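Common to both upcoming complexes is chain A, partnered first by chain B, then by chain C.
After this line comes the complex of A and B, so read on.
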C-alpha cells in the first residue's frame, strides 16, 4: 500500500506487519498522553515529586536521553569537522536518534515545568547565573539544529526527492551541514557540561558538590566526556537492534568499529578521570563537610554497590571490552559493552539526581525515599514509544542507511 | 531577553551569556537564509524547459556530499 514511499531497491516488511509493530509503541504513547493530560489538568500532584524531590524520574530520563543522544553531535563533529568519511554511513541514524532524544526530553520538560504555557519565561526572564537556563537555551537551540539536520534526510524520501526544488534545497542544506554541525557541537558541549556543572555547584549537598577549574566544577567536564563516550555506543546499539530486527546488514563494519574505538578511548579517559574525581571527592569535599565516604551509603537502598556498579561493572569493564580489538569486533561483546556503557551513564545520572536528593543534608533530616507514580512512568515510557515509532518510520520511509542497498542486494 | 528588556543590565555577564545565545541563533538563521537563497539562485540554472528532472537517487547523490 505504501510501496511508492519506500526507498528504492530495498526490502521492507508489509504494511500490515509494520502496523502491528507500531501497536505497542502507540500503546506507550497513549499511556503517556493520558498521563500528560492528567498532569496538565489536575497538576503535578499526579506525581510523587515534592519539595524534596523537585527533580525526579523525568529529569533522570531527560539527562539520560540527552547523554545518549550525544551521538548525534559527536558523530556530526567527527564526520563534518574532523572529516571521518566512513561515519557518513551512520550519521543519518545518529541524527535521528539525537532528534528523538532531544525532542522527547523537551516534551517531557514541558510537562515537568507544570505550566508549559509559561515555558518561554526561561528565555525572556532569564536568570543568567543559572546553569539550568544555559541548558535550556542550548538544548532548545540544538533541537533546532537537529531539526535542520533531519530535513535533508526527510527530503531524501523517494517521492519528495522527485520534487526538484526540494531536491536542490536538500542538497544545499547537506552541503552547508558543517556549519550546523559546528554550531551543534558548541551548543552540545555547553549544555552537556552545564548539566553536570549544575550538580557540582550544589555546595550545600556534599554528595554532589565537587571542586573544579575556574567557574566549572569537575562534573562539568565529566558529563561532557561521559556523553561523548556513551552517545556513539547508543548509536551502535540502535543500529545493531535495527540490523537484528530487519535481519540485514545496514552499516559497514568499519563505521561501527571506528565509533566503537573512539568510544573506547573516550570511555577509558572518562573512567580515569571519574576515579580521580571520586578519590578527590572522598579525600577532599567529604572530609571538609565533616563527613566520611560511608556516611552517604548507610541508609535506604543506595549502598556502596552503586559506586561499584558505576565505576567497575558499567565503566571499567565495557572500556576494556571496547579497547580490545578482537572483543569489539565480536558482535555479542560489542553489543554487551555498548549496553553496559549506556547503563553506566543512566546510573550516573540517576545517582546525581535521585541519590543526591535522597541523602539527608542537615543533622535533623532523614533519608527520603521516592517511587514514581504510574503517571510519571507513563510520560517517561511515551518517550520510548515515540522513539521507536519515529525511528521505525524513518527506517521504513527514509534513506537512513546509505549502504543498505549495496550490502543487501535484492534478488528477485 | 534583549538589551531592551527591563531586567537587562549592561555588564559583562549579561553581554557574554546572552551574546553567545544570539550568536548561535544568528549562525543558525544565517545558515538557513544562505541555503534558501542558494536554492533560489540554483533553480533557474538547473531548470530545463520541457524536460522533467531525472529522478536522482539519494544513494547516487550521497557520494557527492
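After this line comes the complex of A and C, so read on.
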C-alpha cells in the first residue's frame, strides 16, 4: 500500500506487518499520553516524587537518553570534522537516534517542571551561574541543529526527492553539514558537561560534590567523556538491533568496528579518570565533610555493589572486551560490551541523581525510599515507544543506511 | 535628628535547644503567619509543607540514660554555597533567578511567580528547607482556617517551591512604619519572625547579626553556639545553642576523634 514511499531497490516488510509492529509502541505512547495529561491537569502529585526526591525517574531517563544520544554529535564530529569517511554509513542512524533522545528528553522535562507554561523563564530570567541554564540553552539549540541535520535525510525520501526544489535544498543542506556538525559538537560538549556539572556543584551534598578545575567540577569532564564513550555504543546497539530485526546487514563492519574501537579507548580513558575521581572524592570531599566512604553505602538498597557494578562490571569489563580486536569483532561480545557500557552510564546517572537525594546529609535525618508511580513509568516508556516508532518509520521510508542496497542486492 | 544609616544588615536567629520543649508552636505560628497550605491528610511527611520543621533527636542511649532534644529547622538563609561563592547553594543553581540572597538584609527570598518548579534548589539544599507545592493551595472552608489568611503574604500556586522567608513581610511592615515616623533604623524588637514571637519558652532570638547591640549577635559568640552542618561551609544565619555535647555533635558529621579534638580546643 505504501510501496511508492519506500526507498528504491530495498526490501521492506508488508504494510500490515509494519502496522502490527507499531502497535506495542503506539500502546506505550497512549500510556504516556494519559500519564502526561494527568500530570499536567492534576499536577505532579500524580508522581511519587517528593520534597526528598525532587528529581527522580524522569531526570534519570533524561540524563540517560542524553548521554546515549551523544552518538549523534560524536559520530558527526568524527565524520565531518575528523574525516572518518566510513562513518557516513552510520551517521544518518546516529542523527535520528540523537534526535529521538533529545526531543524525548525535552518533552519529558516539559512535564517534569511544576509550571510548564513558565518554561521560557529559563531563557528570559536566566541565572548565568546555574549549570541547568547552560544545559537548557545548549539542549534547545542542539535539538534545532539535530532537526536541521534530520531534514536532508527526510528529503531523501523517494517521493520527496522527486521534487526538484526540495532535492536541491536537501543536497545543499547536506553540503553544509560540517558547519552543523561543528556547532553540534560545541553545544553538546557544553550540555553533556553541564549535566555532570549540575551534580558536581551540589557542594552541600557531599555524595555528589566534586572538586574541579576553575568553575567546572570534575563531573563536568567525566560526563562528557562517558557520553562520547557510551554514545557510539548505543548507536552500534540500535544498528545491530535493526539488522537482527530486518535480517539484513545494513552497515559495513569497518564502520561498526571503528566506532567500537574509538569507544574502547574513550571508555578506558574514562575509567582511569573515573577511578581517579572516585579516589579524590574518597580522600578529599568525603573526609572534609566529616564522613567516611562507607557512610554513603549503608542504608537502603544502595550498597557498595553500586560502585562495583559501575566501575568494574559495567566499566572496566566492557572496556577490555572492546579493546581486544578479536573480541569486538565477534558480534556476541560486541553487543554484550556495548550493552554493558550503556548500562554503566545509565547506572552512573542514576547514582548521581537518586542516590544523591536518598542519602540524608543531616546526621539525625532518616533515609527515605522512592518507587515511581505508573504515571512516571508511562511517560518514561512513552519516550521508548516514540523512539521505536520514529526509528522504524525512518528505516522504512528514508534512506537510513546508504550501503543497504549494496550489501543486500534484491534478487528478482 | 537624622540617624546614621548602617548598611549591610544580616538578619539571623539563634535557637536555644536547651530551652526548646518541642511544643511545635513555632511551626504552627509560621504556617498561620505565612499562609502555608494544608492537606486534608497531613501524614504524608515527604510532601507536606512545614517551613519550620521540628526534628526530634536522641542521644541513642538506653533508658534511663535516654535524652531527647527537639531541633527546630527553618531555612538557614545561607551566605555561601560551600565553595566560597557568595550565594547559597539554592540561589546559585536556580535556573530562573527565582531565589536571591539580599545582601542588604541577608534574607534568601523566593519569587513564587517566577519559579518554574524545576526543584533543582531542593536538590541543592542539604537542610531540606525547601518545599514544593505538589497540590493546589488548600485552606479548608468552614474550619476557620480561611479567616487566618494573611493579606500580606501571597499564597503559593501549585508547581512552585516555597520556603521560610524570615517573615519578610514583617520587615516590610516595620520599615514602612519607620519610614512613616521618619526613622531610618529599626529597633531590635520591631522586626522579629512569627516563630520567635510565638515561642512560649523564648528559645528563639531574632535580630541583626551585624549589630553588636542586638542580643542575637551576642548570643552567637557563646562557646555553646553552633550551626547545622557547619563543615559544609554554607554559612547559615541560623545558629543553635546547647550545652549538651551530644546535641552539638549531632548537628554535624564528624570522623572518629574529630569532635573530641574540637571539644578540647574550645575548652
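Following the convention adopted for this analysis, the second predicted complex is superposed on the first by the 412 of 412 C-alpha atoms of A that agree within 3 Å, B and C clash if a C-alpha of one lies under 4 Å from a C-alpha of the other, contacts with A are read in each partner's own complex, and residues count from 1 in each chain.
Note that a contact is a pair of C-beta atoms (placed from the backbone, for glycine too) under 8 Å apart; a residue touches a chain by one contact, two chains touch by 3 or more.
None of these values were measured; they are calculated from a predicted model.
Contact with neither chain B nor chain C is seen for A:301 once the two complexes are overlaid on the shared chain. Contacts of A:27 after superposition on the shared chain: neither chain B nor chain C is touched. When the two complexes are overlaid, the chain among chain B and chain C that reaches more residues of chain A is C. Contact with chain C, but none with chain B, is seen for A:364 once the two complexes are overlaid on the shared chain. In the superposed model, A:164 makes contact with chain B only, not with chain C. By the touch criterion defined above, A:204 lies against chain C but remains apart from chain B after alignment on the C-alpha atoms of chain A. In the superposed model, A:174 lies in contact with chain B only, and not with chain C.
Legend: residue contacts after superposition of the two complexes on their common chain; A:129 is shown touching both chain B and chain C.
In the superposed model, A:148 makes contact with chain B only, not with chain C. Common to the chain B-facing and chain C-facing surfaces of chain A are residues 124-126, 129. Of all residues in chain C, only 46-47, 55, 57, 71, 81-83, 85, 87, 89, 92-98, 114-120, 122-128, 130-136, 157-161, 228-229, 231-234, 250-255, 258 touch chain A in the complex they form. Residues 7-8, 88, 123-126, 128-129, 134, 137, 141, 144-145, 148, 156, 161-162, 164-165, 167-169, 171-177, 179-180, 183, 186-187, 399, 402, 405-406 of chain A touch chain B in their complex. Interface residues of chain A facing chain C in the complex, by the touch rule stated above, are 43-45, 49-55, 112-115, 118-119, 121-122, 124-127, 129-133, 136, 198, 201-206, 209, 287-292, 295, 356-357, 361-365, 368. For chain B in complex with chain A, the residues that touch the partner chain are 1, 5, 7, 13-14, 17-18, 21, 24-25, 27-28, 31-32, 34-36, 38-39, 42-43, 46-47, 53, 55-59, 61-62, 64-65.
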